[in-house]
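Okay, so subunit A shows up in both of these, paired with subunit B first and subunit C after.
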Partner chain A sequence: MSILELNDLSFSYKTDEEETIGVKNINLTVEKGEFIVLLGHNGCGKSTLAKLLNGLLLPDEGTVSVDGFLTSDESNIYKIRSKVGMVFQNPDNQMVASIIEDDVAFGPENLGVERSEIVKRVEWALEAVGMSAYRKGTPFKLSGGQKQRIAIASVLAMKPDVLILDESTAMLDPQGREEVLSVVKKLNADGMTVILITHYMDEATDADRIVVMNAGQIEATGTPKEIFSDKELIDRCRLHPPVCCGVMHKLSALGFPVEPVLTDEEAVEVLCRLR
Partner chain B sequence: MSIEIKDLTFVYGARTPYEKKALDNVTFSVNEGESVGLIGMTGSGKSTLLQHINGLIKLKSGQVKVFDIDLSKRKPDLMRLRKHVGMLFQYPEYQLFADTVKADVMFGPINFGMKKPEAEEAAKKAVTLTGLDWEEIKDRSPLELSGGQKRRVAIAGILAYSPDVLILDEPTAGLDPAGKKEMLDLIASLRKTTVSTVITVSHNMDEIAEYCDRVIVLDGGKLIYDTTPEKLFYKEDVSALRLHLPHAVRIVKLLEQKGIVLPHDILTEDALVNALKEYFLKGGDHA
Partner chain C sequence: MRNVAFGQYYPTDSPIHKLDPRTKLFAGAISIAAAFVADSYWAYLACYAFLFIVILVSKIPVFQVLKTVKSIFAIILISVILNVFFHDEGKVLWAWWKIKITVGGLLYSGQIILRLMFLVLSTSLITLTSTPTELTDGLERFLTPLKYLRFPVHDVAIIMSIALRFIPTLMEETDKITMAQKARGAKFDVGGPLARAKALLPVLIPLFVSAFRRADELAFALDARCYNATEARTKMKVLRFGWRDLTATLCLALFLTVVIFLRLGFFGLL
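This part shows the complex of A and B:
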């Protein structure tokens, strides 16, 4: 069943003098439980698209429907925001309270959830991101990865159907990235629909589907293997595939009979067969 | 010798419950013309170390000497120190502040005592070095530039006062792949033309392997390795440090377990491709 439906979606940023295209003619359907990675260079419209998905921006043309509710209908907006949760890039900009459990409770409080239910949700959300031990602590002393996990918990407390991460791992060190990604993958395994926006290609290799954007439009969608083996697409959209893919591309250009791979281990297997 | 550090120890919040030793007896020196990668987990003391080199933290114990400026002496000439050492902080695009690119880049040289026309000339030169078009960009607000352009302007703001050493704290963090590549190529070309000595902090081992000729590893405030990337990634056991190996090195090591032995100086994708080509053209196992 589809959870997100985007039909002929277009949006541009307007000032008095000029109009800049954000996204153009986007058609995309996201199924419940899918893990989608959105790739594309800076300024290609990824974040604009993300903001259109939960009504932070409204379409100029076309529609966005979340579980059957149109974002363009103002009376739906709270429902949509509780269905589509978003985690942003900078962990420090997303903390609203000085105690972690208050921070996580902020979302459901604003949705008017019963107190007893809020308590349950906060407990569950912190458990889900592995931060229960910190519930009475302050977010300001946490590492970047821990802060992003709290930001995810704060979104989870609203019981969303879709979790969007807009470069949420960009400011983290490798350990922080791993923490956040393993939480996200676990949530996805439990049924959460995930849309991950990232510049780290190795985060994309586990996706069900990769959506590549360029100049506001969807340039390609496909499995990681399909996307990363398309040399021409990679060059055109200025992506930088993982090293193992790059090695395969170059060997293939040199005439070696290799096949596309996604991990170092797969690359080694393919190379062993060349002997 | 550009930078000499000896027995440097620094404790945050000494004699409080939050006491934390950030640097523990660190000793090393950096020669002119070197490109040094500084690596270690978050909290290993990298930033504390960098801040010492630029005189942003007052030296408590040990010695730091940058060119002829000895920070262990009373009242070292910090102004001159900072002119020698240009420091690019993390996410420098957030530190642009002036109304125009021109004013922003001229801020440094003017503060170091240059006259306005001179400073403008220096700014023009610096902006051009970073690959931006001076005439096109000088009167624009830094805030309306793209992320990659902003970072270039921030670097120009440092180059404008011609430092002798560049310190870059995660210069590629947050950039898209094309932006990362441009930034690294820019730094490599600056090393040839403008500032030969560069110290780079990075969490990306692929970048360290490709762009640095020497690596220094900090762990819990201690300097545990000071070596070349080849030796660090092939000879030392870095798994305990939770350091990721550069992908090319990882593939070489995995291949070795399967009996395909390649030279232990491969650090980059291109080097790996070349080595594989040679290996297979020579007939694989019979090589």
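This part shows the complex of A and C:
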């Protein structure tokens, strides 16, 4: 069953002098439980698309429907935002409270969830991201990865159907990225629909489907294998493939019979077979 | 220090720390009232005796509490000087032109010192024993009746909470910008006050720009988490006015009564 449906979606940023295209003619359907990675270089419209998905921005043309509700209908907006949780780039700029559990409780409090249920949800959400031990603490001493996990917990506490991570790993060190990604993959394995927006291709290897964006439009969709093997597409959209993937492209350009790979382990296997 | 939320919170497991923040805010109001009602050394003796007992119960080192007086040292000094020289009452000890030192003046100055110190000590005791978050919560509950006058109580509470939340973040940022500007050759500690103030501009402007950017992102984050979704907002933490708070309130009432009686000279001989 599809949870998100985008129909011919267009949006542009308007000021008095000029109009900048955010996204143009986007058609996309996301199934429940899918793990989608939205790839694209800076300024390609990924974040604009994300904000359109939960009604933070409203489409100029076309429609976004979340579980059957249109974002353009004012009366649905909070229902949609509680269904589509969004984690942003800078963990510091999305926390409202000085105490971690208070921050996690903020979403359900806003929704008017009953007290005993909030307590349960806070416990569950912090457990899900592995931060229960920090419950009563302040976020200031935490690492970037830990802060971002708190931000994920804060969104989870609203019990969303879809989790969008809008470049949430961009400001993190490699260890922090690893922490956040493993939490996200675990949530997906438990049935959460995930849309991960990033410009790191190596975060896309486990995706069910990759959507590549360029200049506000969807350039390609496909499995990681399909996308990673398309060297022309990667160059055109200015993506940075993982090293192993680049090596395979070079080898195949030199005439070696190699197939595209996603991880270093696969690359080793393919290279060993060459002998 | 910067890692702690903010302020001077001194965590212990004392009963004072466990009081409802509303009780503590109420205690603050009572202490201020007492400081102004008290007009004799006997009354101040009562005030300080009460304060001392509270400090003992709170398990905070007395020295830690006394340190807070430092911040108003200049104010105390000025008011003492004014009162010593210009309060004209009783036997004259020393006189020159219009300036006189009198016995009454000295006694009165002593009271001023005690009053100012009591004000600072008792209010510091509140911030030493409660986190800023607790105080914000308490304040919000106190202001709740204003809802009926269409005063946006909850929004004000969120503003306070966000302000507290961002103080450490912005302090950290100030440090970073200061260092970055120093690395570019900025000098912050040379020249007169005007030059120094001017030298701060290259820190303040980037700080403001960044604060606005943060505010913009935070606004999206608040919206994404359904801020203002319903009038019937709930709260995870409910403040409970328990037996501790009842005891504390009764003690406070008794204390204020004693101070008022002392003022009225009710005990005849005093």
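What we mean here is this: the second predicted complex is superposed on the first by the 275 of 275 C-alpha atoms of A that agree within 3 Å, B and C clash if a C-alpha of one lies under 4 Å from a C-alpha of the other, contacts with A are read in each partner's own complex, and residues count from 1 in each chain.
Throughout what follows, contacts are C-beta pairs under 8 Å (C-beta built on N, C-alpha and C of every residue); 3 or more make two chains touch, one makes a residue touch a chain.
Fair warning: this is a prediction, and the values are worked out from it, not measured in the lab.
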Touched partner set for A:Asp173, first subunit B, second subunit C, both or neither: first
Contacts of A:Leu254 with subunit B and subunit C, given as first, second, both or neither: first
Touching partner for A:Asp235 - first (subunit B), second (subunit C), both, neither: neither
Partner chain in contact with A:Asp8 - subunit B first, subunit C second, else both or neither: neither
Partner chain in contact with A:Val268 - subunit B first, subunit C second, else both or neither: first
Which of subunit B and subunit C A:Gly112 touches, first, second, both or neither: second
Which of subunit B and subunit C A:Glu61 touches, first, second, both or neither: neither
Touching both subunit C and subunit B, counted on subunit A across the two superposed complexes: 89
Subunit C - residues contacting subunit A, complex: 2-6, 131-133, 158, 161-162, 164-165, 168-169, 214, 217-218, 220-230, 232-238
Subunit B partner contacts - residues on subunit A that touch it in the complex: 41-43, 89, 143-144, 167, 170-171, 173-176, 199, 201, 238-240, 242-244, 246-247, 250-251, 254, 256, 264-265, 267-268, 271-272, 274-275
Subunit A residues touching subunit C - in the complex, by the definition given at the top: 51, 54, 56, 78, 81-82, 85-86, 88-90, 92-99, 101-102, 105-115, 118-119, 122, 138, 140-141, 154-155, 158
Complex contact set, residues of subunit B against subunit A: 41-43, 91, 146-148, 173-181, 203, 206, 242, 244, 246-248, 250-251, 254-255, 258, 260, 269-270, 272-273, 276-277, 280, 284-285
